[in-house]
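The same chain A turns up in both complexes below, where it pairs with chain B and then with chain C.
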Partner chain A sequence: MRISSIVAGASAAMVVLQAAYCATRGETFLLRPPGAHGESDFSAHCIKCGACMQACPYLAIRPAGSDVGMAVGTPIVDARSQACRLCEDFPCVAACPTGALRDIDERSDVRMGVAVIDEDACIAFQGMRCEVCYRVCPLIDKAIAIDYRLREGDAIHSVFAPVIDEKQCVGCGLCVERCVVSEPEVPIRIATDAERADGGEA
Partner chain B sequence: MSATPDASRSFRWTWFRHIVQVAAIALFAAPVLIAGWSLFGASVGGDDPLSTPADLSFFGSLSSSSVGGLALLDPFGVLQVIVASKTAPVEWLLAALPIVLVYGLIRGRAFCGWVCPVNLVLEIEDAFRRKLGIEVREAPVPRRAKLWIALGVLALSALTSVPVFEAFSPISALNKGVLFGAVTGLWMLAAIMLAELFWGHRVWCRALCPLGGFYEALGRAGLVNVKLDQEACIHCNACKRSCLADPVILEPALAGEDAVVRAGDCMACGACIDACPTKALSFGLGRGAKPAETEEPAAEQA
Partner chain C sequence: MDISRRGFVKATAVALASAAAAGTMSSLMGCSSGNATAGAAGEGQKYTAVCRFCGCGCGVICEVKDNKLISVTGDPDNQSNRGLNCVKGYYLAKILYGEDRLTVPLIRDDSSTKGTDEGLREATWDEALELVSSKLKETWKNDKNRLAFWGSGQQPITEGYCTAKFWKAGLLSNNIDPNARLCMASAVVGFMNVFQTDEPAGCYEDFDNADVFVTWGANMAEAHPMLYSRLTARKLSGEGVRHYDLGTIKTRTSESADKTMLFKPNTDLAIANCIANYLVQNKLYDEAFVNDHLQFKQGTENIGNATDDGYDASDVGKTVDDVAPITFDEFAARLAPYTFEYTSELSGVPVEDLEELAKVFADKDAKVMSLWTMGVNQHNRGTWMNHNLYNIHLLSGKIAKPGCGPFSLTGQPSACGTAREVGTFSHRLPADLVVKNPQHRRYTEAIWDLPEGYLDEIQKPGMHTVKIFREMSKGNLGFLWTAHNNWAQSMPNLTRFLGKGEDNQGIFDTFIVVNEVYPTMSTKYADVVFPVALWVEREGQFGNAERRSSVFEKAVDPPGEAKWDLWAIMEVARRVLDGEQIDGEDAFDHLFGFIYDKDAADFKGDDRETNRAIWEEYRIFSNPSMNEKAKAINDNADGTFEGKLKMEAKQLAPYDEYLAHHGLTWPVREVDGTWLPTKWRFSNGAQEDGFDEVGVAQYGTPGLANDVSFYKSAKSKPSVVFRPYEPPAETPDSEFPFYFVTGRLLEHWHTGTMTRRIPELDRALPEALLNMSQEDCTALGVKDGDMVKVTSRFGEFDIKVSTAGRTQPPAGTVFAPFFAEETLINLAVQDTYCPLSKEPDYKKTCVSIAKIEG
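Then we have the complex of A and B:
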């Protein structure tokens, strides 16, 4: 029975290692579907049943992979590949059976996060007229506006800089999905409230 | 390998049960496919809204589903969320109630025997193991351990404010893996399969699974029970060798102390009924009171 003991030990070790791995991976910031009320409230309520995923007409809600510890299988939005469209009727919120997603009556109730622009990487700040994020924003002229101004140290050219209104941006991520720049990195991303409270490190 | 002692017997519960197990997987996959989505999360969305499984009158997973607008919830999941979130809205209890009633009335662990995809996979694995001739221990962990593990899961969920089993559940790995490509509990499933192939005979379902522990507790009620015809029994123990739960649960009936297999462990899988060469075992409705013989000697001693 020597081999069997080794296998039993190995199986137990796999489970313990996974548990330890999960326990040490608490600080990942995940973009949740509309209606999540902060990470601790969300993780207390979500049973990973997938109802929100099965209710999203854009298939924007996906199960988190195994790299997020205890949150594996919880619904997340990968804004760059498929952003939330902020449906008027929020079928994901309506489908959630345990109140992990709740209390959304209109778009302005949503608080997934806030778009953050890396001004060094955004081509608009370098003098190109892009405005893609501004035009695709479901809350155009509210969440994103264009700040027209003269380019610094340049008396002829203007800068058409996208500016996020942190109070109005709900963090749907459509700007992130559509941003035309991807090298060296996408200059716009969604920062969750938890991440912002933590000091803004991703 | 279970022998077929009575070749004339055409109906076998085990085959019927395997059909139900596969149907349970198909039941949850159907809305995904009808909505035009691929399984395993392979579909991608576009700019135009697609029809969704949630638009249909039935969709969901083993954790939660919606039947004609009626919400259903896994009762053990609800218990975990209640202790994790420290709230207990009536809707959750109402959504769990039909499940509790159905399994409570039939038999708690009928879920394990007839619906759970992990049990199906592990049954196949166990048949494979027997073909390979790999010897494993019969009961390395006591069967009641799963009750304590279920309580431990609830305590840990309360402590960490996270529904703990849902993060590791191998049932999720299979059910939600098929439905939308979730990898929850995949490691757990791998560990279990390794343990059952080389170490303990059906040790997960018999002794470890907290959901099985929950349904074992519920299985103390239940109207569908295996009953034993004492006259026909020849004490060959074929039933005990075939039992998917723990063979010891048959002992009170075999010893004549009880008319039915009363333990909450019984999955009502019907394997013992199939295995019985004299048709001494059958499913019966109702369980009656526990016979008094077991109490009388105790009363005399007192």
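Then we have the complex of A and C:
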């Protein structure tokens, strides 16, 4: 803790610079660990100390690569590789020395983002019985529910359409990690809150 | 969440385009792991097939280019799935192309290496076949009781037929049983006890016409994905269609049901009796139906539990099949204790819910479909529970008419077609015949061209599945051959059967032959592994839950030196039977000379010709007029036997009819030169509309109540047998305070040997988790993601806890799937079985759970 605090102080100037940079470079698309409060707040606090990465039992939190400019080294979650598993005790948040990750008492406090489904590419919307995203969701029947719809031109089959509840989805990304479809791209992704506020693709 | 009426999915060009793209996408991914040059769909040769996985029996089209599957897509002409698949079927092509396909025979020289990844070396087919044949012959000649074949509800029909013929007629052994013993045996014994004929009266079309669905211990949403799509479609398209889900845990099926009733284990017996009692006490049963069609019985009760090896031979064990006639009034008196109040107290289901369900069956107009699978069958009173379900449908006359009926779902693609219809069981002969019945033996001898009395040597049933493995564990089995299953993962009580303890080391001494396509838990214990063709690498047939027999065509060659299972069986059979004679002729030629040239060591024809020839012989069993001797026995022409066999009740069509029609539901009837399927057995009506016109005309009586005639049942009357509530084999106590339930989940099929080699499915569900209630977790100080040790009286395993809620057991019950070999849950599962069906109870092992620290 002590060492972290010192590092935090020493990095303060850097953090300010970084926050300004992020605002212009679209780091709003980076999926942050639980407890981040928007990109500018996060950037203002994160000192790239790696404590959250070390604390994550699933190795879900990694340093951002050099392709994200000034955000290089900040903690991100690549949901397709390893999603956040929403640990009940949130060790990443507990480990954060600067409060870049904070204020998480329970899973529903997490706001990493919201899952978005490309209905044209999702095979469940074509009538296949997939819905992997739904069954793996840690907030099953809340964040993702099934909307049963009759299939067009077929009276004997339903479409089991996975539907996201934007208010309840916390953006952990497990649905993205587990989705069976890869090509041309994964039909489910996490739109970060920051991105959505930005009017991004979501 | 309730299903309410919602609008159609919009038919947009985008949706259609993306559907087409999916097929292509699947094709590209399918071949990417098969090292084929990618080709777009639409370029290759097409073959029709049936999905390799569950009992739904979805039709698929295989597209092949350069001897590689380039796509597998739903068959739009298949009237059941209409081009759709679940996610397993969507990636079906990839099961052929896992990196570790077995392509060379393997031999284990040192049996002490069993259970490890080491010890198997490559061999030639000749060496492997000689070794297996000499071991089988040696065991056979020394002590026939020490050999066994363990088959499968995944074995294609003609292969199962030839295996049974080799074992029963060639070796004169009844030690052959299928893995269907683990899933369908209770259903079969139920059918045979009640109707004297196996398999449902109804069909999948019932889903489209039902008013009420009742699922009993069945997680259809995951285990029967496309049929569940059909159930939910009916709810969306019909007015006021309801679904009641009854079970001991809340599942994905409960989620879409209108009402879920969670009952305490085994009280399903009481709930069904409670419904029957309500119908009888209030005279709300179908009186005309009861008078015309039913007889009443009761059987042996207080039957204890088949946990110990000596159960079958015990005083009570020997009497479990006994029944005696009772009057309707006596039956009513037996039901009388099952009041709503008593049943509610016993089951934990509120009185008003029980009453609501009972009124469903009392509603004369309601078309009700009961659906069940493993919760009912894998039950220490599984046969009884099958009885009790038929009882309520028979009392209410809700059977054998469109939209209405008790429907036993199957778990494997050919549990019905092969295990049950061919009869690869220790007590059976083909087409519902049993070894203990002399008329059945004579009939079989006629078709197999055996001297009269030849099969009398096998009139006593052989070892059922659990007995085979128990005897093996005790060192009483010299030779075991298994195919199309993975017993070292799927059997219960693996701690015992895999020789993990101090005792029961028999597995290391038994010579074990495993037909396989990939390394599995079972190949780790094999002395010889035969690399075999998988699915469409040869032609075969499956028979699904609605009595539909379908052909899957050969689409590609097996890889490397892998061979059709049937070739390996023929090659062993010709060696073992060398020097034996039947009726003065070489025994092998007598049995299999019609398909196999033993000097050439090959089939006489190609896959199609071989299958057709076997089918045409098998088909005689249900077409007695094809064989004069068989016909005389079927008709009881000389009065030797009690009556007619009525074998046409399961009539099958010529082989090519199945190819032309993408499958047909039996009995298939020839009317004016056209072969017509039957959708509703015993139900009188036009054959061309799917009713059993021909069967009722031949053996039944038209004009009875509901215009149904149960012509295959004794006295044409199904038996309503009173079966009481009796408790589970174990109940939770302070040492083992939880019930442990096992089962299947959508992404993986059975032991995962195929689906886990599909990268997309492995990604979707990479590990087996223990579903626990939050309440139990809190009490144990365990949280989501913690590792725990689960311990029973039988064994233990480690597993990660999940509270996410995919399956939601109530406090005191936990659930885990069995697909993951690294999480070998069957180490701890009891091998206690239903005393009547000998099917193990995988749903109620009592366990303790302790957190693994660190």
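The rule is simple: the second predicted complex is superposed on the first by the 173 of 202 C-alpha atoms of A that agree within 3 Å, B and C clash if a C-alpha of one lies under 4 Å from a C-alpha of the other, contacts with A are read in each partner's own complex, and residues count from 1 in each chain.
Throughout what follows, a contact is a pair of C-beta atoms (placed from the backbone, for glycine too) under 8 Å apart; a residue touches a chain by one contact, two chains touch by 3 or more.
This is a predicted model, so every value here is computed, not measured.
Trainee: Pick one for A:Val186: touches chain B only (first), chain C only (second), both, or neither.
Mentor: Touch partners of A:Val186: none, neither chain B nor chain C.
Trainee: If we overlay the two complexes on their shared chain A, which of chain B and chain C does A:His45 touch? Say first, second, both or neither.
Mentor: The answer is first: A:His45 touches chain B but not chain C.
Trainee: Go through the superposed model and pick first if A:Thr98 touches only chain B, second if only chain C, both, or neither.
Mentor: Only chain B is touched by A:Thr98; chain C is not.
Trainee: With the two complexes superposed on chain A, say which partner A:Met70 touches: chain B (first), chain C (second), both, or neither.
Mentor: first
Trainee: Considering only touches as defined above, state whether A:Ala79 meets chain B (first), chain C (second), both or neither.
Mentor: neither
Trainee: Looking at the overlay, does A:Pro57 come into contact with chain B only (first), chain C only (second), both, or neither?
Mentor: both
Trainee: Between chain B and chain C, which residues of chain A are contacted by each of them?
Mentor: Chain A residues touching both partners: 57, 85, 87.
Trainee: In their shared complex, at which residues does chain A touch chain B?
Mentor: It is residues 1, 3-5, 7-8, 10-12, 14-15, 18-19, 22, 40-41, 43-51, 53-60, 62-63, 65-66, 70-73, 81-82, 85, 87, 91, 95, 97-99 of chain A that touch chain B.
Trainee: Which stretch or stretches of chain C touch chain A in the complex?
Mentor: 1, 3, 6-11, 14-15, 18-19, 22, 25, 28-29, 81-82, 84-87, 90-91, 207-208, 222, 225-226, 228-230, 232-237, 252, 255-256, 745-747, 760-761, 763-765, 783-785, 804-806
Trainee: Considering the complex alone, what residue numbers of chain B touch chain A?
Mentor: Residue list for chain B touching chain A: 31-32, 37, 41, 43-47, 49-54, 59-61, 63-64, 66, 71, 73-74, 77-78, 80-81, 84-87, 89, 92, 95, 136-137, 140, 161-163, 166-168, 172, 176, 179-188, 190-192, 194-195, 197-200.
Trainee: Which positions of chain A touch chain C when the two form their complex?
Mentor: Within the complex, chain A contacts chain C at residues 57, 85, 87-89, 120-121, 123, 125-132, 135-141, 145-161, 177-183.
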